[in-house]
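Heads up, the next two complexes both have chain A, just with different partners, chain B and then chain C.
Up next, the complex of A and B:
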């Protein structure tokens, strides 16, 4: 546990000092605040536009930060051979992987938290009331990004940096169409199509389940049952992916 | 493969099964919104369906940006108004819960495109507006605004007060329906010459909105009329006369009067 904590603390420090991470976060904040200009152009629907744009910007930049963290966590250490020094110490491979993951999740959480605060603050200035459903939506977005980060870690244990980036983007896109595929599988005529779509639903992540944008924008109540089911799914799927990453990293010849 | 890894793999398979069950629990959760996915299955054009699916979580943003574009065509006027039609169609497909888009779409068809269309196509655009509102209601069954729009189309655009009443009655029952929906329900009953129904509606409105001075005033007015036959005749003839003026302006045939309305009485009422 001490090793995991030490490695995660180190990776948080490294990430926060990276210029690229700071630039990404700055751009994200500028886009969120800049969303108010789009909102002024939409009569009667200013708050809807702001929430839509704000949450979408957090999702996109969160994805970019997650890919950036995943790609720079393990592969550069392997390529520079600095991983040997770490593994020569009494640090097990799974502790190294978990430490890097926990550190990356902390950085991701800080980024999403800052972006979420700016969005909630921008809306507070307009509405003079704190929007708690919006905060919950930002929280579930963070959970989705943490799951995506776990998948990127898994891919990075066996693939190059370029392939990891490509895989990250593809998984993010597929994650957002999974609900449609699930609906299509219920209406599929052929058995082969139905089972193939259902298999994709089992194997690949469904990021739409973490998306509360439509509830927040339409001012609907967010059911606690939905949140608990969402958290359960995110945690279990994340654990599965991390466990596979650990197996692959254990088998890898560094 | 090492023995530890085999044990972990077994645990992974069990956890994966539980995670899929959790995913199914999310699908079944009361708050999980899948109704926006269903329109995808009914969209005729596979290209549109694919684009909507790929937009995934950004469909609302895409709808918002297209909505901004529609404002540009509105100010263009004339042929720009026809270009708004496919934009509104796309916006409502991308974001079926965008109530303002449905309202504006239906209004644009039934009022603006109807006025721009050649004479033989005018009725078609009224029907189109009605269909748009009804599609909006299918996607948003709890929206009082859309029921109100249908009711207003019948009451104001088509001057068919009797057909508007069921829609006003649906609108007032929806959560968040404001005072003026009750006012319009009562006025629709007045224009159908159902003054008893109108009075009952004003009384219900006063009970629901005790601070509503408009409802109080109209309730008192009809209460006085219910006790005085001359006053009642004047009220009903006044409604008929004003409605007749509006129908004349819109080249609609006149409705028969509710009772014997002497011309000198109606002229006096119109002069007021």
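Up next, the complex of A and C:
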């Protein structure tokens, strides 16, 4: 636990010092604030558009930051050989991986939190009311990105940086088209295609589960059961993926 | 007591798509005793770094086994007693020298007070007290090497593994690091030193192993690998070519200008006979050069021999 905490603290410091991360976050904030001006183009739907656009910006920039965090967590340690001095110390490999993951999740949480605060703040200036459903939607978006980060970590233990970036983008896209895969499997002609699609449906992450955009934009009630279900799905999926990542990293020759 | 034991240690790096793989270390059996300073030398690709990585549990052996302090190299109790300085160390840019040592101290389970005391002691030892608050990205190569040595000593290790500790340093920096190693040796640390700089290994190590293409070519006391006397050369004057037949049996005779001649004797015995013969023949001994085989000579001849044998 001590090693995990120390490694995560170090990786938070390392990420926050990275120019690329700072630029990404700055751009995300500029886009969110800039979204206010786009909202004026649809005067009747200003708030809806602001919420929709804001959540989309957080989702896209959150995805980019998650990929960035995942790619810069383990592979640079191996390439720069900082991992030699680290694993020569009494640190278990899973502690290293978990420490890195926790640190990256903290940075991701800070980024999504800051973006969410700016979005909520922008709406507060307009409405003078704190939008709690929007905060919940930002929270579930963070959960989705944490799951995605776990998958990127798993890929990064065996793939190159380029492949990890590519896999990250593919996973993000697949995560949002899961319902289409489900529909395809129902209409598949051959049994093999149907079972393959169903298997993909089970194994690949479903990011639509975490999406509360329509509820927030249309001011619909968010059922607590829905939140619990997505937390259960996210935590379970994330833990399984991290367990696989730990097994793969345990076998890695560094 | 053996601190490091390697038994028939072999490492083959597998290649993609089922290729034959690259044999990096072949059937290496070695042991390093407590308090010993052991040198590992060899050209690039000889298997030195592979050997260190296997000892640190960074990679897994294809065959054989390695033990440190009688434990598996993956055992954290063994790692608790190891200090490691990687080759051309690179550390986290955003940290300062003292923050780096503090971080590594935490990984060894040291308390805050203990870490503070230890890093003060180490920064003084490696001469980095004044640069302790400077970010590592501003450190020179020599400074990184020093802070690298300090981090390797944070846990006061019983076994110190140093990979090219003076590579890239200026002569004064190299000398200072060597003095530190001598001091650590005096304190009874077991040291495994991996270096290209043969004169450094020659000066610091009690025993040396020579690796080439993953094979162990020789392993012995440094003094045994470098016999002190290996014949020499007698330079004399006052003799002419009529005396050559009397001297020929002692070594190759060469003639220079002004009646100077030299006999190159391959053994001590032949050298002594050549000196006596020159005097007996009425010549004048100008110079006797004793040949001393350096570790470098040994290393080059051993590697050439290995190449000739086609391994």
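What to note about this one:
Here is the rule we use: the second predicted complex is superposed on the first by the 250 of 254 C-alpha atoms of A that agree within 3 Å, B and C clash if a C-alpha of one lies under 4 Å from a C-alpha of the other, contacts with A are read in each partner's own complex, and residues count from 1 in each chain.
Rule of thumb we're sticking to: a contact is a pair of C-beta atoms (placed from the backbone, for glycine too) under 8 Å apart; a residue touches a chain by one contact, two chains touch by 3 or more.
Quick caveat, the model's predicted, so the values are computed rather than measured.
Three-chain overlay on chain A, with chain B and chain C fitting side by side and no clash. Using the contact criterion defined above for the overlaid structures, shared-chain residue A:177 touches chain B, although it does not reach chain C.
When the two complexes are overlaid on their common chain A, residue A:223 makes contact with chain B while staying clear of chain C. Put simply, the three-chain overlay gives an angle of 170° at chain A, taking C-alpha centres for chain B and chain C and rounding to the nearest 10.
Set against each other, chain B and chain C differ in how many residues of chain A they touch, and the higher count belongs to B. Of the two partner chains, chain C is the only one touched by A:88; chain B is not. Once the two complexes are laid over each other on the shared chain, residue contacts for A:126 go to neither chain B nor chain C.
Minimum Cα separation between chain B and chain C in the superposed model: 12 Å. Counting contacts by the rule stated earlier, residues 251 of chain A appear in both its interface with chain B and its interface with chain C. Chain A makes touch with chain C in their complex at residues 2-3, 6-7, 10, 13-14, 17, 80-92, 251, 253-254.
Within the complex formed with chain B, the chain A residues making contact are 38, 41-45, 48-49, 52-53, 56, 59, 173, 176-177, 179-180, 182-184, 187, 201-202, 206-209, 211, 213-215, 217-218, 220-223, 225-226, 229-230, 232-233, 236-237, 239-240, 243-244, 246-247, 250-251. Across the complex, chain A is touched by residues 13, 53, 56-60, 76-77, 79-80, 82, 84-86, 88-95, 103-104, 106-109, 148, 151-152, 155, 161 of chain C.
Per the touch definition, chain B reaches chain A in the complex via residues 1-2, 4-5, 8-9, 11-12, 15-16, 18-20, 22-23, 25-27, 29-34, 36-38, 40-41, 53-54, 56-58, 60-61, 64-65, 67-68, 71, 97-98, 100.
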